[in-house]
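Given below, in the form of structure tokens, are the structures.
Below are two complexes that have chain A in common, paired first with chain B and then with chain C.
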Partner chain A sequence: MAYTKRLDGRKNNELRPMEAKASVVPNADGSASFKIGKTWAIAAVYGPREIFPRFLANPKTGIIRCHYSMMPFSGSGERIRPGRSRRAQEISMVMENALNPVIDLSAFPNTVVDIFVELPQTDAGTRCAAISAAAIALADAGIPMTDMVSSVAVGQVDGTVVADLMYNEEAYPAIVSDVPVAMLHNTKEITLLQMDGEISREDLMKALEIAKDATEKVYQEQMKALQEKFTKTEQK
Partner chain B sequence: MIINREQIWELAAQGKRLDGRELEEYRSPITVDLNISWTAEGSSRVQIGETVVIAGVKLSIEKPYNDTPDEGGITVNAELTPLSSSEYESGPPGTKSIELARVIDRGIREAKAIDLKNLCIEAGEKAWFVTVDIITINDAGNLFDASGIAVLAALKTAHYPVVDSNTGAINYKEKTTETIRLNKEPVSATVYKINGKFLVDPTIQEEKSADARLTIASDKKGTISAIQKGGDAPLSLEETDAMIQIALEKATFLREELNKFVK
Partner chain C sequence: MSQVLIKERDIVIPGQVLAEGLDYLPGENTYRKDDKIFANVLGIISLPGRVVKITPLSGPYMPTVGDKIVGKVEDILMSGWRISTGTAYTAVLNVKDASSRFIKSGEDLSKILEIGDYAVVKITKVTSQNLIDLTMREPGLRRINGGRIIKINSHKVPRVIGKKASMINLIKDNTGCDITVGQNGLVWLRGSPEGEILAEKAIKLIEQKSHEEGLTDKMEKFLHENKGNIVVEKKFRREEGEESQNEESFSEGDQ
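Up next, the complex of A and B:
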């Protein structure tokens, strides 16, 4: 049986409903909440600020540091022990790689911009939601950026190429592939690319083609959140 | 952050505060959102002024402890996330988060709010264990009171997950209609002493300027189930009594606020 109808009735290239909001953590220099379906990421940005430990300081530029964390009750199974897992550590690293290309901290040598992401609930696509939330938070913090980073997963379920897989699709009893992608809005360059599962080269390129349109939809939502925030501030 | 300690002290002596509130007035709004996390068995988000915390309940089935073979258990854990304040760092829990977790834990445990015998499935073999995690989103002061309400709200909305009758495995994706039975609903209220005056619901600045604090967990009848004195300034017997009086009144107030959101 081919996967002709998606489990929640969405079109193949359709994303789950999104909800984005900027400035949700008053203590932070910038912050955002990004929901896609039942996956929810809250991001907060602190900095540029002094870096510890000091040996990480770069005298030529400021650096970014990502900290991805699922809340202990945010997984679909048992409670997750708090503390940095191998998975969280890797995701934090690929987040930095996804965001770094658009960030210019050359005016802030020897500093760090810390990006913290907490997820209160998840239903697949957490690293993508984390990146999309982090990008809004960075813009909200006024960090110099040359482009916007928007992220969403694409993939293939039993031969059908789809956008924004949810958990039940990742767990579908057939050949499934999950391809988290982050793209830059202006250049359409890819800054995050990973893959779990099995996929043919043809299907992968088809999926990446869908990703262009899918990340654009995320971009619209990110911009809406930022526009809402900055229009509000002007009215005051 | 600049702390206007002197100003806070002077104002307190006149019964005033930096943000114009009365000494015994909480910030507004106080809001409680329920079931904010579908993956938790119960959850809540509590906001007091700019302070925001999230609490989530997870249930698991484990072997009871040898000395209490017919009882389950409850644990409260707190994470002061670096997301919520520039003062917190990633890494293992520090003293402040452990104190917060343990004070809220005691308030519920010692009140016997949850009858641990009710959590037993099969004596000596299987019982439910309840873990409540407090995650700070924005620390703008008074995490104790916000966390106390958040934990209680999360417990009140918690539903047991479905257990497969053949394998005994938990299916976390499906919840039953059965809730965790709460015999009592202890609420924590914290009173701060600044320059000889008492106030509630401090901002960060006020917390840092305070001499001492007293957190009191109490149930509807006013029975106290946990006490924690914080800060290193001594309290006289009269002061302690006065602070307890305020804490009991404020617990009633906070319980009423919570009940506006929980049916």
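Up next, the complex of A and C:
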């Protein structure tokens, strides 16, 4: 029996409802909240600031440092052990790699921009939500960026190529794969591509086609969030 | 076929395409790739002629020669002070630039500026690695006594000062405070306690509404409504005559 109808009735290339907001953490230099379905990421950006430990400093450019963390209550009842885990460290690294190509900190040598992402609630696609939130927060912090990064997961559930998998789909009792993709808006360059599960070559190519449209939708939401910040205060 | 895709005062996000074709020129905070002009930061568009420029709405302060800033003394060095500028970079104020008086070698530098003191200083030199040199040997530059320091976004400083210092004088006249705005976003207020609170509120409000038009009128209304029983002593302002001369240097940064 093939996976013809999605569990929540979405179309195959349809994303869960999104909600993005800029400047949610007043203390930070830039911040954002990004929700996609039940997955919710809050990003806060500090810097450019002095770098500690000093040996990480690069005299030619500033660097970025990501800290990804799921909150203890963010799963579905099971307490998630806070702090650094192997998984959190890996995701922090892939986030850095996904965001680095657009960030230009050459005017700020020997500094660091710290990006903290916390997830109060998760339902698959957390690294994608984290990257999308971090991109809004970086723009909000006024960091020079050549392009916007938007991220969404695509994949295959029992032979059907779908976009933005939720946890129940990832756990579907069949051959499933989950492919998180981060794409730059203008050039459509891919800055994050991972894969968990099994997928055929044809399905992967199909999934990446879907990812193009899907990241575009995320981009529209990110753009709206950044512009709304200023139009909303104007009405006050 | 060249065309511009945005209007004056539009808010753009990084990576947004601003213009197509070679008839337009990339200005501040934009870049050209192939035949398109892209935005580099979040900001407001200004289109003087055929140049596309972006005025950033947020972001770090870039130290610039000639800027008057408010800094905090972090450390005392062999022949000077290390001063934090509110950015990732600290600045050095050398003894010879600190006072017009001759300072003997071996003199206790903490008598002039102690760790934790704030001072109004001017940037005299910035290197490519953002090492900063300061001076305190100009009228209006000095150690800060009393009052309070507040922090605002450095990009909002031109709005807080206003055209020909109109906005800052409006706040001064209505609160009786002596106000010094550093280009790095640190603001020093000194006046009566009520006056300081009102001035702080007013400056925070300007920061919040900086991208709106007709802000001076709005602020005038706000200050009159909230003025209460703050008495502005005319004498106080005149004493600070030396200070107001220096406002000229501020107005350069006007929008």
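Note that the second predicted complex is superposed on the first by the 230 of 236 C-alpha atoms of A that agree within 3 Å, B and C clash if a C-alpha of one lies under 4 Å from a C-alpha of the other, contacts with A are read in each partner's own complex, and residues count from 1 in each chain.
Note that in this section a residue touches a chain if its C-beta (ideal position, glycine included) is under 8 Å from a C-beta of that chain, and two chains touch if they have at least 3 such contacts.
Predicted, not measured: the structure shown is a model, and the values here were computed from it.
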Side-by-side fit of chain B and chain C on chain A, or clash: fit
Partner chain in contact with A:I91 - chain B first, chain C second, else both or neither: neither
Which superposed partner A:V25 touches (first chain B, second chain C, both, neither): first
Contacts of A:D140 with chain B and chain C, given as first, second, both or neither: second
Chain B versus chain C as contact partner of A:R49, first or second or both or neither: both
Three-chain overlay, vertex chain A: chain B-chain C angle, C-alpha, nearest 10 degrees: 70
Chain B versus chain C as contact partner of A:M71, first or second or both or neither: first
Chain C versus chain B - closest C-alpha approach in the superposed model, Å: 5
Overlap of the chain B and chain C footprints on chain A, listed as residue numbers: 49
Chain B contact footprint on chain A (complex, rising order): 24-28, 38, 40, 42-44, 46, 49, 67, 69, 71-79, 82-84, 114, 116-118, 120-123
Residues of chain B touching chain A in the complex: 36-41, 43, 45, 50, 52, 54, 56-58, 60, 77, 79, 81-86, 90, 92-93, 131, 133, 135, 137-140, 170, 172-173
Touch list for chain C against partner chain A, complex: 11, 13-17, 29, 31, 38, 40-43, 56-60, 62, 87-89, 129-130, 155, 208-209, 211-212
Residues of chain A touching chain C in the complex: 29-30, 47-50, 59, 62, 102, 104, 107-111, 139-148, 184-186, 222-223, 226-227, 230-231, 233-234, 236
